[in-house]
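You will see chain A twice below: alongside chain B first, and alongside chain C after that.
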Partner chain A sequence: MPKTQKKYQIKIPSQADNLVLIRDLVSRVAAQVGFDNDEASKIELAVDEACTNVIRHAYGNNSNEVIDVLIKIDAKKLTIIVSDKGKGFEPDHVAVPDLGESIRSGKKGGLGICLIKTLMDKVDFEIKPGLKNQVKMTKYLS
Partner chain B sequence: MEGFEVTKNENGGVAILNVKGYLDAHTAPALESAFQELVDEKKFRIVVNFTELSYISSAGLGVFMGFIEDIRKNGGDIKLSSMKPKIFRVFDLLGFPTLYDILDEESAAIEKFAKL
Partner chain C sequence: MFQFETRILKLVFEKTTPNGFRIDLDISVDHTSGTDAGHPTTPIAIVTVGGYIEFSTSDEIDKVLDGLIKGGHYNIIVDLKDVDYISSRGWTIFLGKIKAIRDNQGDLKLANMNENVYEVYKVLEFFWIMRVYDSIEEAVTDFDDNVPPMPQ
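For the complex of A and B:
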(Lines of atoms letter the chains of each structure in order from A and count residues from 1; the text may use other names and numbers.)
(Lines give C-alpha, C1' and ligand atoms only; values in the text may rest on other atoms or scores of the structure.)
Protein backbone atom coordinates (compact mmCIF):
# COMPACT_ATOMS: atom_id res chain seq x y z
CA MET A 1 0.00 0.00 0.00
CA PRO A 2 1.51 3.36 -0.99
CA LYS A 3 1.80 5.78 1.88
CA THR A 4 -0.70 8.64 1.86
CA GLN A 5 1.30 11.81 1.37
CA LYS A 6 -1.34 14.44 1.95
CA LYS A 7 -4.90 14.75 3.20
CA TYR A 8 -7.46 17.51 3.00
CA GLN A 9 -10.81 17.39 4.74
CA ILE A 10 -13.78 19.71 4.76
CA LYS A 11 -16.96 19.39 6.76
CA ILE A 12 -19.49 21.66 5.18
CA PRO A 13 -23.24 22.31 5.66
CA SER A 14 -25.40 20.17 3.39
CA GLN A 15 -26.51 23.02 1.12
CA ALA A 16 -26.46 23.13 -2.66
CA ASP A 17 -24.86 26.58 -2.67
CA ASN A 18 -21.76 24.97 -1.14
CA LEU A 19 -21.24 22.71 -4.17
CA VAL A 20 -19.24 25.42 -5.90
CA LEU A 21 -16.79 25.56 -2.96
CA ILE A 22 -16.40 21.78 -2.90
CA ARG A 23 -15.83 21.67 -6.68
CA ASP A 24 -13.31 24.49 -6.47
CA LEU A 25 -11.25 22.69 -3.83
CA VAL A 26 -11.39 19.31 -5.57
CA SER A 27 -10.44 20.65 -9.01
CA ARG A 28 -7.56 22.70 -7.59
CA VAL A 29 -6.18 19.71 -5.67
CA ALA A 30 -6.58 17.48 -8.76
CA ALA A 31 -4.66 19.98 -10.90
CA GLN A 32 -2.00 20.36 -8.22
CA VAL A 33 -1.26 16.64 -8.13
CA GLY A 34 -0.88 16.48 -11.90
CA PHE A 35 -4.23 15.63 -13.49
CA ASP A 36 -4.85 17.49 -16.74
CA ASN A 37 -7.92 19.72 -17.17
CA ASP A 38 -9.94 16.92 -18.70
CA GLU A 39 -9.31 14.46 -15.86
CA ALA A 40 -9.65 17.15 -13.18
CA SER A 41 -13.07 18.11 -14.56
CA LYS A 42 -14.19 14.45 -14.40
CA ILE A 43 -13.14 14.24 -10.74
CA GLU A 44 -14.86 17.57 -10.00
CA LEU A 45 -18.13 16.35 -11.54
CA ALA A 46 -18.02 12.97 -9.78
CA VAL A 47 -17.59 14.66 -6.39
CA ASP A 48 -20.40 17.14 -7.19
CA GLU A 49 -22.69 14.20 -8.01
CA ALA A 50 -21.83 12.39 -4.76
CA CYS A 51 -22.41 15.56 -2.70
CA THR A 52 -25.64 16.38 -4.56
CA ASN A 53 -26.93 12.90 -3.68
CA VAL A 54 -26.12 13.57 -0.02
CA ILE A 55 -27.85 16.98 -0.06
CA ARG A 56 -30.98 15.82 -1.89
CA HIS A 57 -31.41 12.19 -0.89
CA ALA A 58 -29.42 11.31 2.25
CA TYR A 59 -30.39 14.52 4.08
CA GLY A 60 -33.53 15.45 2.12
CA ASN A 61 -32.36 19.08 1.69
CA ASN A 62 -31.92 19.57 5.45
CA SER A 63 -29.19 22.23 5.58
CA ASN A 64 -28.53 21.63 9.30
CA GLU A 65 -26.70 18.42 8.36
CA VAL A 66 -23.05 18.16 7.37
CA ILE A 67 -21.24 16.62 4.39
CA ASP A 68 -17.76 15.28 5.03
CA VAL A 69 -15.34 15.38 2.08
CA LEU A 70 -11.95 13.76 2.61
CA ILE A 71 -9.30 14.01 -0.11
CA LYS A 72 -6.29 11.69 0.07
CA ILE A 73 -3.29 12.02 -2.20
CA ASP A 74 -0.49 9.58 -2.75
CA ALA A 75 2.07 9.16 -5.50
CA LYS A 76 -0.20 7.12 -7.75
CA LYS A 77 -3.76 8.20 -7.10
CA LEU A 78 -6.28 10.67 -5.75
CA THR A 79 -9.02 9.31 -3.49
CA ILE A 80 -12.05 11.28 -2.43
CA ILE A 81 -14.40 9.99 0.25
CA VAL A 82 -17.79 11.67 0.61
CA SER A 83 -19.55 10.68 3.84
CA ASP A 84 -22.89 11.43 5.45
CA LYS A 85 -25.02 10.14 8.32
CA GLY A 86 -28.34 10.29 6.52
CA LYS A 87 -30.65 7.97 4.66
CA GLY A 88 -28.68 5.33 2.82
CA PHE A 89 -29.33 3.57 -0.45
CA GLU A 90 -28.63 0.20 -2.01
CA PRO A 91 -25.84 0.86 -4.49
CA ASP A 92 -26.38 -2.50 -6.20
CA HIS A 93 -30.02 -1.59 -6.81
CA VAL A 94 -29.17 1.63 -8.63
CA ALA A 95 -29.61 0.56 -12.24
CA VAL A 96 -28.12 2.28 -15.26
CA PRO A 97 -30.91 4.69 -16.09
CA ASP A 98 -32.96 4.16 -19.24
CA LEU A 99 -33.13 7.77 -20.37
CA GLY A 100 -36.12 7.29 -22.67
CA GLU A 101 -38.11 5.59 -19.91
CA SER A 102 -37.09 8.25 -17.35
CA ILE A 103 -38.35 10.97 -19.68
CA ARG A 104 -41.64 9.18 -20.40
CA SER A 105 -42.26 8.67 -16.68
CA GLY A 106 -41.27 12.25 -15.83
CA LYS A 107 -38.38 11.08 -13.67
CA LYS A 108 -35.57 13.63 -13.52
CA GLY A 109 -32.95 11.99 -11.34
CA GLY A 110 -31.04 8.73 -11.06
CA LEU A 111 -28.15 9.84 -13.21
CA GLY A 112 -25.62 10.75 -10.53
CA ILE A 113 -24.42 7.28 -9.51
CA CYS A 114 -24.14 6.26 -13.16
CA LEU A 115 -21.96 9.31 -13.86
CA ILE A 116 -19.74 8.71 -10.82
CA LYS A 117 -19.06 5.12 -11.93
CA THR A 118 -18.28 6.28 -15.47
CA LEU A 119 -16.05 9.19 -14.52
CA MET A 120 -13.87 7.56 -11.86
CA ASP A 121 -11.51 4.57 -12.07
CA LYS A 122 -12.79 2.87 -8.92
CA VAL A 123 -15.89 3.48 -6.80
CA ASP A 124 -16.74 1.76 -3.51
CA PHE A 125 -19.85 2.25 -1.42
CA GLU A 126 -20.24 1.59 2.28
CA ILE A 127 -23.80 2.15 3.37
CA LYS A 128 -24.91 2.13 7.00
CA PRO A 129 -28.07 4.29 7.04
CA GLY A 130 -28.15 6.81 9.89
CA LEU A 131 -24.61 5.84 10.98
CA LYS A 132 -22.28 6.40 8.08
CA ASN A 133 -22.74 6.22 4.34
CA GLN A 134 -19.62 6.55 2.30
CA VAL A 135 -18.77 6.85 -1.38
CA LYS A 136 -15.08 6.30 -2.03
CA MET A 137 -13.93 7.45 -5.46
CA THR A 138 -10.45 6.84 -6.85
CA LYS A 139 -8.66 8.21 -9.91
CA TYR A 140 -5.21 6.92 -10.83
CA LEU A 141 -2.49 9.19 -12.15
CA SER A 142 -1.30 7.84 -15.49
CA MET B 1 -28.55 33.91 -9.10
CA GLU B 2 -24.87 33.85 -8.26
CA GLY B 3 -22.81 31.78 -10.68
CA PHE B 4 -25.60 31.20 -13.16
CA GLU B 5 -27.65 33.35 -15.46
CA VAL B 6 -30.36 32.58 -17.98
CA THR B 7 -31.55 35.18 -20.48
CA LYS B 8 -34.33 34.91 -23.04
CA ASN B 9 -34.78 36.20 -26.53
CA GLU B 10 -36.74 35.16 -29.59
CA ASN B 11 -35.80 34.46 -33.18
CA GLY B 12 -38.35 33.65 -35.86
CA GLY B 13 -40.94 32.27 -33.47
CA VAL B 14 -38.37 30.22 -31.57
CA ALA B 15 -37.63 31.05 -27.92
CA ILE B 16 -33.93 31.11 -27.13
CA LEU B 17 -32.61 30.51 -23.61
CA ASN B 18 -28.99 31.59 -23.20
CA VAL B 19 -27.39 29.87 -20.22
CA LYS B 20 -24.25 31.19 -18.59
CA GLY B 21 -21.99 30.02 -15.76
CA TYR B 22 -22.54 26.97 -13.56
CA LEU B 23 -25.60 24.75 -13.82
CA ASP B 24 -25.76 22.50 -10.76
CA ALA B 25 -28.21 21.49 -8.01
CA HIS B 26 -28.08 25.02 -6.62
CA THR B 27 -28.75 26.88 -9.87
CA ALA B 28 -31.00 24.36 -11.69
CA PRO B 29 -34.19 25.90 -10.18
CA ALA B 30 -33.46 29.16 -12.08
CA LEU B 31 -33.48 27.26 -15.38
CA GLU B 32 -36.62 25.38 -14.33
CA SER B 33 -38.36 28.72 -13.74
CA ALA B 34 -37.30 29.95 -17.19
CA PHE B 35 -38.72 26.81 -18.84
CA GLN B 36 -41.90 27.05 -16.79
CA GLU B 37 -42.42 30.64 -17.93
CA LEU B 38 -42.08 29.59 -21.57
CA VAL B 39 -44.51 26.70 -21.07
CA ASP B 40 -46.99 29.04 -19.33
CA GLU B 41 -46.70 31.40 -22.32
CA LYS B 42 -47.29 28.38 -24.59
CA LYS B 43 -43.92 28.83 -26.22
CA PHE B 44 -42.97 25.26 -27.02
CA ARG B 45 -40.29 25.79 -29.66
CA ILE B 46 -37.18 26.29 -27.57
CA VAL B 47 -33.45 26.43 -28.29
CA VAL B 48 -31.00 26.46 -25.39
CA ASN B 49 -27.72 28.13 -26.30
CA PHE B 50 -24.83 26.82 -24.16
CA THR B 51 -22.08 29.12 -25.49
CA GLU B 52 -21.40 30.68 -22.09
CA LEU B 53 -22.08 27.65 -19.90
CA SER B 54 -18.90 26.44 -18.26
CA TYR B 55 -20.18 23.61 -16.03
CA ILE B 56 -23.12 21.22 -15.81
CA SER B 57 -23.98 18.35 -13.46
CA SER B 58 -26.81 15.81 -13.70
CA ALA B 59 -29.01 18.18 -11.68
CA GLY B 60 -28.83 20.50 -14.70
CA LEU B 61 -29.56 17.70 -17.14
CA GLY B 62 -32.57 16.77 -15.05
CA VAL B 63 -34.21 20.08 -15.98
CA PHE B 64 -34.21 19.12 -19.68
CA MET B 65 -35.64 15.69 -18.82
CA GLY B 66 -38.38 17.22 -16.70
CA PHE B 67 -39.82 19.45 -19.44
CA ILE B 68 -39.21 17.61 -22.71
CA GLU B 69 -42.21 15.28 -22.60
CA ASP B 70 -44.71 18.08 -21.94
CA ILE B 71 -43.16 20.31 -24.60
CA ARG B 72 -43.17 17.57 -27.26
CA LYS B 73 -46.78 16.68 -26.46
CA ASN B 74 -47.58 20.28 -27.34
CA GLY B 75 -45.88 19.99 -30.73
CA GLY B 76 -42.65 21.64 -29.69
CA ASP B 77 -39.15 20.58 -28.78
CA ILE B 78 -36.08 21.60 -26.79
CA LYS B 79 -33.04 21.77 -29.06
CA LEU B 80 -29.58 22.32 -27.62
CA SER B 81 -26.75 24.23 -29.27
CA SER B 82 -23.21 25.55 -28.99
CA MET B 83 -21.85 23.32 -26.20
CA LYS B 84 -18.22 23.31 -25.18
CA PRO B 85 -16.73 19.78 -25.48
CA LYS B 86 -16.65 19.46 -21.67
CA ILE B 87 -20.41 20.14 -21.50
CA PHE B 88 -21.25 17.89 -24.45
CA ARG B 89 -19.36 15.02 -22.81
CA VAL B 90 -21.76 15.00 -19.84
CA PHE B 91 -24.81 14.88 -22.14
CA ASP B 92 -23.11 12.21 -24.24
CA LEU B 93 -22.15 10.00 -21.27
CA LEU B 94 -25.80 9.80 -20.26
CA GLY B 95 -27.12 9.10 -23.75
CA PHE B 96 -28.82 12.43 -24.46
CA PRO B 97 -27.78 12.67 -28.14
CA THR B 98 -30.14 9.82 -29.03
CA LEU B 99 -33.13 11.66 -27.58
CA TYR B 100 -32.31 15.34 -28.08
CA ASP B 101 -31.11 17.35 -31.07
CA ILE B 102 -27.72 18.80 -30.15
CA LEU B 103 -26.38 21.22 -32.78
CA ASP B 104 -23.11 23.09 -33.14
CA GLU B 105 -24.76 26.42 -33.92
CA GLU B 106 -27.87 28.19 -32.62
CA SER B 107 -28.86 29.02 -36.22
CA ALA B 108 -28.83 25.32 -37.15
CA ALA B 109 -31.06 24.54 -34.16
CA ILE B 110 -33.54 27.24 -35.23
CA GLU B 111 -33.50 25.93 -38.80
CA LYS B 112 -34.46 22.48 -37.54
CA PHE B 113 -37.75 23.95 -36.32
CA ALA B 114 -38.36 25.48 -39.75
CA LYS B 115 -38.16 21.98 -41.24
CA LEU B 116 -40.83 20.56 -38.93
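For the complex of A and C:
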Protein backbone atom coordinates (compact mmCIF):
# COMPACT_ATOMS: atom_id res chain seq x y z
CA MET A 1 0.00 0.00 0.00
CA PRO A 2 1.44 3.41 -0.97
CA LYS A 3 2.66 5.50 1.91
CA THR A 4 0.81 8.75 2.54
CA GLN A 5 3.02 11.57 1.38
CA LYS A 6 1.06 14.60 2.45
CA LYS A 7 -1.96 15.57 4.50
CA TYR A 8 -3.98 18.76 4.65
CA GLN A 9 -6.73 19.36 7.15
CA ILE A 10 -9.25 22.10 7.66
CA LYS A 11 -11.70 22.30 10.54
CA ILE A 12 -14.19 24.98 9.81
CA PRO A 13 -17.55 26.23 11.14
CA SER A 14 -20.54 24.63 9.47
CA GLN A 15 -21.54 27.74 7.54
CA ALA A 16 -22.55 27.75 3.88
CA ASP A 17 -20.26 30.74 3.34
CA ASN A 18 -17.29 28.52 4.13
CA LEU A 19 -17.97 26.17 1.23
CA VAL A 20 -16.03 28.49 -1.07
CA LEU A 21 -13.01 28.22 1.20
CA ILE A 22 -13.17 24.42 1.25
CA ARG A 23 -13.62 24.26 -2.53
CA ASP A 24 -10.66 26.55 -3.03
CA LEU A 25 -8.39 24.36 -0.90
CA VAL A 26 -9.55 21.14 -2.57
CA SER A 27 -9.15 22.44 -6.12
CA ARG A 28 -5.66 23.79 -5.37
CA VAL A 29 -4.52 20.52 -3.86
CA ALA A 30 -6.06 18.50 -6.71
CA ALA A 31 -4.28 20.66 -9.29
CA GLN A 32 -1.02 20.39 -7.36
CA VAL A 33 -1.27 16.60 -7.36
CA GLY A 34 -1.67 16.57 -11.12
CA PHE A 35 -5.39 16.29 -11.83
CA ASP A 36 -6.47 18.28 -14.86
CA ASN A 37 -9.09 21.00 -14.62
CA ASP A 38 -11.99 18.67 -15.42
CA GLU A 39 -11.02 16.13 -12.80
CA ALA A 40 -10.24 18.81 -10.22
CA SER A 41 -13.69 20.33 -10.80
CA LYS A 42 -15.35 16.96 -10.23
CA ILE A 43 -13.45 16.48 -6.98
CA GLU A 44 -14.32 20.01 -5.91
CA LEU A 45 -18.00 19.45 -6.62
CA ALA A 46 -18.06 16.10 -4.78
CA VAL A 47 -16.53 17.69 -1.68
CA ASP A 48 -18.95 20.61 -1.90
CA GLU A 49 -21.86 18.17 -1.99
CA ALA A 50 -20.52 16.23 1.00
CA CYS A 51 -20.03 19.42 3.03
CA THR A 52 -23.43 20.77 2.02
CA ASN A 53 -24.97 17.53 3.31
CA VAL A 54 -23.17 18.04 6.61
CA ILE A 55 -24.46 21.62 6.94
CA ARG A 56 -28.04 20.83 5.94
CA HIS A 57 -28.66 17.33 7.18
CA ALA A 58 -26.10 16.40 9.84
CA TYR A 59 -26.22 19.77 11.60
CA GLY A 60 -29.63 20.99 10.43
CA ASN A 61 -28.16 24.35 9.33
CA ASN A 62 -26.69 24.99 12.77
CA SER A 63 -23.65 27.11 11.92
CA ASN A 64 -21.97 26.61 15.31
CA GLU A 65 -20.79 23.10 14.58
CA VAL A 66 -17.60 21.99 12.83
CA ILE A 67 -16.89 20.35 9.49
CA ASP A 68 -13.62 18.45 9.36
CA VAL A 69 -12.05 18.03 5.91
CA LEU A 70 -8.94 15.86 5.71
CA ILE A 71 -7.08 15.54 2.41
CA LYS A 72 -4.54 12.77 1.94
CA ILE A 73 -2.24 12.41 -1.02
CA ASP A 74 -0.09 9.53 -2.11
CA ALA A 75 1.52 8.60 -5.40
CA LYS A 76 -1.62 6.94 -6.73
CA LYS A 77 -4.59 8.79 -5.36
CA LEU A 78 -6.21 11.71 -3.61
CA THR A 79 -8.44 10.87 -0.66
CA ILE A 80 -10.75 13.37 0.99
CA ILE A 81 -12.51 12.56 4.24
CA VAL A 82 -15.37 14.82 5.32
CA SER A 83 -16.37 14.26 8.95
CA ASP A 84 -19.01 15.63 11.28
CA LYS A 85 -20.51 14.84 14.66
CA GLY A 86 -24.11 15.42 13.76
CA LYS A 87 -27.12 13.42 12.80
CA GLY A 88 -26.22 10.39 10.76
CA PHE A 89 -27.95 8.66 7.91
CA GLU A 90 -28.14 5.19 6.41
CA PRO A 91 -26.12 5.37 3.20
CA ASP A 92 -27.71 2.20 1.87
CA HIS A 93 -31.15 3.69 2.37
CA VAL A 94 -30.52 6.86 0.40
CA ALA A 95 -33.03 6.71 -2.40
CA VAL A 96 -31.93 6.68 -5.99
CA PRO A 97 -32.81 10.14 -7.30
CA ASP A 98 -36.20 10.30 -8.94
CA LEU A 99 -36.08 13.30 -11.23
CA GLY A 100 -39.77 12.90 -12.03
CA GLU A 101 -40.61 13.21 -8.33
CA SER A 102 -38.35 16.27 -8.00
CA ILE A 103 -40.28 17.85 -10.87
CA ARG A 104 -43.66 17.04 -9.40
CA SER A 105 -42.84 18.06 -5.82
CA GLY A 106 -40.47 20.95 -6.50
CA LYS A 107 -38.23 19.52 -3.79
CA LYS A 108 -34.78 21.11 -3.64
CA GLY A 109 -31.76 18.87 -3.15
CA GLY A 110 -31.65 15.10 -2.85
CA LEU A 111 -29.11 14.47 -5.60
CA GLY A 112 -25.92 14.98 -3.61
CA ILE A 113 -24.99 11.40 -2.67
CA CYS A 114 -25.69 10.16 -6.19
CA LEU A 115 -23.50 12.92 -7.58
CA ILE A 116 -20.64 12.17 -5.15
CA LYS A 117 -20.69 8.48 -6.08
CA THR A 118 -20.63 9.33 -9.78
CA LEU A 119 -17.92 11.96 -9.61
CA MET A 120 -15.46 10.02 -7.45
CA ASP A 121 -13.82 6.64 -8.07
CA LYS A 122 -14.57 5.22 -4.62
CA VAL A 123 -16.86 6.40 -1.83
CA ASP A 124 -17.13 4.86 1.64
CA PHE A 125 -19.36 5.88 4.52
CA GLU A 126 -18.84 5.35 8.21
CA ILE A 127 -21.80 6.55 10.21
CA LYS A 128 -21.84 6.85 13.99
CA PRO A 129 -24.51 9.48 14.70
CA GLY A 130 -23.45 12.08 17.27
CA LEU A 131 -19.96 10.59 17.46
CA LYS A 132 -18.44 10.69 14.02
CA ASN A 133 -19.94 10.45 10.57
CA GLN A 134 -17.46 10.14 7.78
CA VAL A 135 -17.59 10.24 3.99
CA LYS A 136 -14.36 9.02 2.43
CA MET A 137 -13.96 9.94 -1.25
CA THR A 138 -11.11 8.69 -3.40
CA LYS A 139 -9.93 9.71 -6.85
CA TYR A 140 -7.13 7.78 -8.54
CA LEU A 141 -4.48 9.45 -10.63
CA SER A 142 -4.49 7.96 -14.11
CA MET B 1 -43.08 40.66 -10.70
CA PHE B 2 -40.79 41.73 -13.52
CA GLN B 3 -41.90 44.57 -15.75
CA PHE B 4 -40.35 44.08 -19.12
CA GLU B 5 -41.19 47.62 -20.20
CA THR B 6 -37.87 48.54 -18.64
CA ARG B 7 -36.32 46.15 -21.17
CA ILE B 8 -33.59 44.92 -18.90
CA LEU B 9 -33.69 44.15 -15.25
CA LYS B 10 -30.34 43.44 -13.71
CA LEU B 11 -29.97 41.94 -10.30
CA VAL B 12 -26.57 41.51 -8.80
CA PHE B 13 -26.04 39.29 -5.85
CA GLU B 14 -22.67 39.72 -4.28
CA LYS B 15 -21.56 38.57 -0.93
CA THR B 16 -18.31 38.62 0.98
CA THR B 17 -17.83 35.79 3.41
CA PRO B 18 -16.34 36.43 6.87
CA ASN B 19 -13.11 34.85 5.67
CA GLY B 20 -12.78 37.37 2.86
CA PHE B 21 -13.81 35.17 -0.04
CA ARG B 22 -16.26 36.71 -2.42
CA ILE B 23 -19.15 34.68 -3.73
CA ASP B 24 -20.52 36.14 -6.91
CA LEU B 25 -23.76 35.37 -8.53
CA ASP B 26 -24.77 37.86 -11.19
CA ILE B 27 -28.24 37.54 -12.59
CA SER B 28 -29.75 39.65 -15.34
CA VAL B 29 -33.05 39.20 -17.07
CA ASP B 30 -33.56 40.35 -20.64
CA HIS B 31 -36.52 40.00 -22.88
CA THR B 32 -36.59 39.18 -26.53
CA SER B 33 -39.52 39.43 -28.86
CA GLY B 34 -40.14 41.05 -32.16
CA THR B 35 -41.19 40.19 -35.63
CA ASP B 36 -39.77 37.87 -38.18
CA ALA B 37 -40.83 39.00 -41.68
CA GLY B 38 -43.87 40.62 -40.11
CA HIS B 39 -44.85 37.62 -37.96
CA PRO B 40 -44.67 38.03 -34.21
CA THR B 41 -42.15 35.77 -32.51
CA THR B 42 -42.44 34.18 -29.09
CA PRO B 43 -41.69 36.45 -26.11
CA ILE B 44 -38.84 34.91 -24.18
CA ALA B 45 -37.15 35.82 -20.92
CA ILE B 46 -33.42 35.29 -20.99
CA VAL B 47 -31.91 34.90 -17.55
CA THR B 48 -28.16 35.39 -17.67
CA VAL B 49 -26.35 33.92 -14.72
CA GLY B 50 -22.71 34.14 -13.80
CA GLY B 51 -20.61 32.74 -10.99
CA TYR B 52 -21.28 29.79 -8.72
CA ILE B 53 -24.72 28.30 -8.32
CA GLU B 54 -24.47 26.45 -5.04
CA PHE B 55 -26.02 26.11 -1.61
CA SER B 56 -25.69 29.74 -0.58
CA THR B 57 -26.53 31.34 -3.95
CA SER B 58 -29.15 29.07 -5.54
CA ASP B 59 -32.01 30.76 -3.67
CA GLU B 60 -31.34 33.95 -5.64
CA ILE B 61 -32.01 32.15 -8.92
CA ASP B 62 -35.01 30.49 -7.33
CA LYS B 63 -36.47 33.94 -6.57
CA VAL B 64 -35.80 35.26 -10.07
CA LEU B 65 -37.43 32.26 -11.74
CA ASP B 66 -40.37 32.42 -9.33
CA GLY B 67 -40.78 36.10 -10.17
CA LEU B 68 -40.88 35.36 -13.88
CA ILE B 69 -43.40 32.55 -13.47
CA LYS B 70 -45.64 34.63 -11.21
CA GLY B 71 -45.45 37.38 -13.80
CA GLY B 72 -46.73 35.02 -16.47
CA HIS B 73 -43.44 34.53 -18.29
CA TYR B 74 -43.24 30.87 -19.15
CA ASN B 75 -40.72 30.87 -21.98
CA ILE B 76 -37.37 31.07 -20.27
CA ILE B 77 -33.80 30.57 -21.38
CA VAL B 78 -31.09 30.41 -18.74
CA ASP B 79 -27.78 31.56 -20.19
CA LEU B 80 -25.05 29.74 -18.26
CA LYS B 81 -22.13 31.19 -20.22
CA ASP B 82 -20.44 32.67 -17.17
CA VAL B 83 -21.42 29.95 -14.71
CA ASP B 84 -18.40 28.09 -13.37
CA TYR B 85 -20.20 25.60 -11.24
CA ILE B 86 -23.67 24.24 -10.41
CA SER B 87 -24.17 22.06 -7.34
CA SER B 88 -26.98 19.53 -7.06
CA ARG B 89 -29.12 22.04 -5.18
CA GLY B 90 -28.76 24.45 -8.08
CA TRP B 91 -29.89 21.78 -10.52
CA THR B 92 -32.96 20.99 -8.46
CA ILE B 93 -33.96 24.67 -8.58
CA PHE B 94 -34.34 24.27 -12.35
CA LEU B 95 -36.14 20.95 -11.95
CA GLY B 96 -38.57 22.45 -9.47
CA LYS B 97 -39.74 25.08 -11.97
CA ILE B 98 -40.33 22.80 -14.93
CA LYS B 99 -43.83 21.70 -13.94
CA ALA B 100 -45.23 25.20 -13.42
CA ILE B 101 -43.65 26.35 -16.66
CA ARG B 102 -44.79 23.45 -18.82
CA ASP B 103 -48.26 23.39 -17.28
CA ASN B 104 -48.54 26.82 -18.87
CA GLN B 105 -47.26 25.68 -22.28
CA GLY B 106 -43.85 27.19 -21.73
CA ASP B 107 -40.39 25.75 -21.40
CA LEU B 108 -37.12 26.33 -19.59
CA LYS B 109 -34.06 25.87 -21.76
CA LEU B 110 -30.42 25.95 -20.79
CA ALA B 111 -27.73 27.47 -23.00
CA ASN B 112 -23.98 27.96 -23.14
CA MET B 113 -22.86 25.44 -20.52
CA ASN B 114 -19.15 25.11 -20.02
CA GLU B 115 -17.66 21.61 -20.16
CA ASN B 116 -17.67 21.04 -16.42
CA VAL B 117 -21.28 22.07 -16.03
CA TYR B 118 -22.25 19.97 -19.06
CA GLU B 119 -20.50 16.97 -17.54
CA VAL B 120 -22.69 17.18 -14.43
CA TYR B 121 -25.78 17.72 -16.62
CA LYS B 122 -24.96 14.37 -18.22
CA VAL B 123 -24.12 12.65 -14.93
CA LEU B 124 -27.48 13.64 -13.47
CA GLU B 125 -29.22 12.61 -16.71
CA PHE B 126 -30.94 15.95 -17.06
CA PHE B 127 -30.92 15.36 -20.82
CA TRP B 128 -34.15 13.43 -20.28
CA ILE B 129 -35.82 16.58 -19.01
CA MET B 130 -34.23 19.76 -20.31
CA ARG B 131 -32.61 20.52 -23.62
CA VAL B 132 -29.29 22.27 -23.74
CA TYR B 133 -28.16 24.61 -26.50
CA ASP B 134 -24.81 25.86 -27.69
CA SER B 135 -26.13 29.40 -28.07
CA ILE B 136 -29.01 31.65 -27.09
CA GLU B 137 -29.93 31.96 -30.77
CA GLU B 138 -30.45 28.21 -31.07
CA ALA B 139 -32.66 28.17 -27.99
CA VAL B 140 -34.68 31.13 -29.26
CA THR B 141 -35.12 29.42 -32.62
CA ASP B 142 -36.49 26.34 -30.87
CA PHE B 143 -39.11 28.46 -29.14
CA ASP B 144 -40.01 30.19 -32.40
CA ASP B 145 -40.26 26.86 -34.21
CA ASN B 146 -42.54 25.57 -31.43
CA VAL B 147 -40.31 22.59 -30.73
CA PRO B 148 -42.14 20.78 -27.91
CA PRO B 149 -40.52 20.52 -24.48
CA MET B 150 -38.84 17.32 -23.38
CA PRO B 151 -41.26 14.86 -21.76
CA GLN B 152 -41.36 15.04 -17.94
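Throughout what follows, the second predicted complex is superposed on the first by the 142 of 142 C-alpha atoms of A that agree within 3 Å, B and C clash if a C-alpha of one lies under 4 Å from a C-alpha of the other, contacts with A are read in each partner's own complex, and residues count from 1 in each chain.
One rule holds in what follows: a residue touches a chain if its C-beta (ideal position, glycine included) is under 8 Å from a C-beta of that chain, and two chains touch if they have at least 3 such contacts.
The structure presented is a predicted model; accordingly, all values stated were derived computationally and were not measured.
For the composite obtained by superposing both complexes on chain A, the positions of chain B and chain C are in clash.
When the two structures are aligned on the shared chain, A:D24 is found in touch with chain C, with no touch to chain B.
Of the two partner chains, chain B and chain C are each touched by A:I55. By the document's definition of touching, both partners, chain B and chain C, reach A:L111.
When the two structures are aligned on the shared chain, A:G100 is found in touch with chain B and with chain C. Shared-chain residue A:A16: touches chain B and chain C both. In the superposition on the C-alpha atoms of chain A, the part of chain A touched by chain B in one complex and by chain C in the other spans residues 15-17, 19-20, 38, 41, 45, 48-49, 52, 55-56, 97, 99-100, 102-104, 106-109, 111-112, 114-115, 118-119.
Those residues of chain B that touch chain A in the shared complex are 2-3, 22, 24-26, 55, 57-59, 61-63, 65-66, 68-69, 86, 90, 93-96, 98-99. Against chain A, the residues of chain C that register as touching in their complex are 15, 17-19, 21, 23, 52, 54-56, 58, 62, 85, 87-89, 91-93, 95-99, 115-116, 119-120, 123-126, 128-129, 152. Those residues of chain A lying in contact with chain B across their complex are 15-17, 19-20, 23, 38, 41, 45, 48-49, 52, 55-56, 97, 99-100, 102-104, 106-109, 111-112, 114-115, 118-119. Remark: chain A residues 15-21, 24, 37-38, 41-42, 44-45, 48-49, 52, 55-56, 97, 99-100, 102-112, 114-115, 118-119 touch chain C in the complex.
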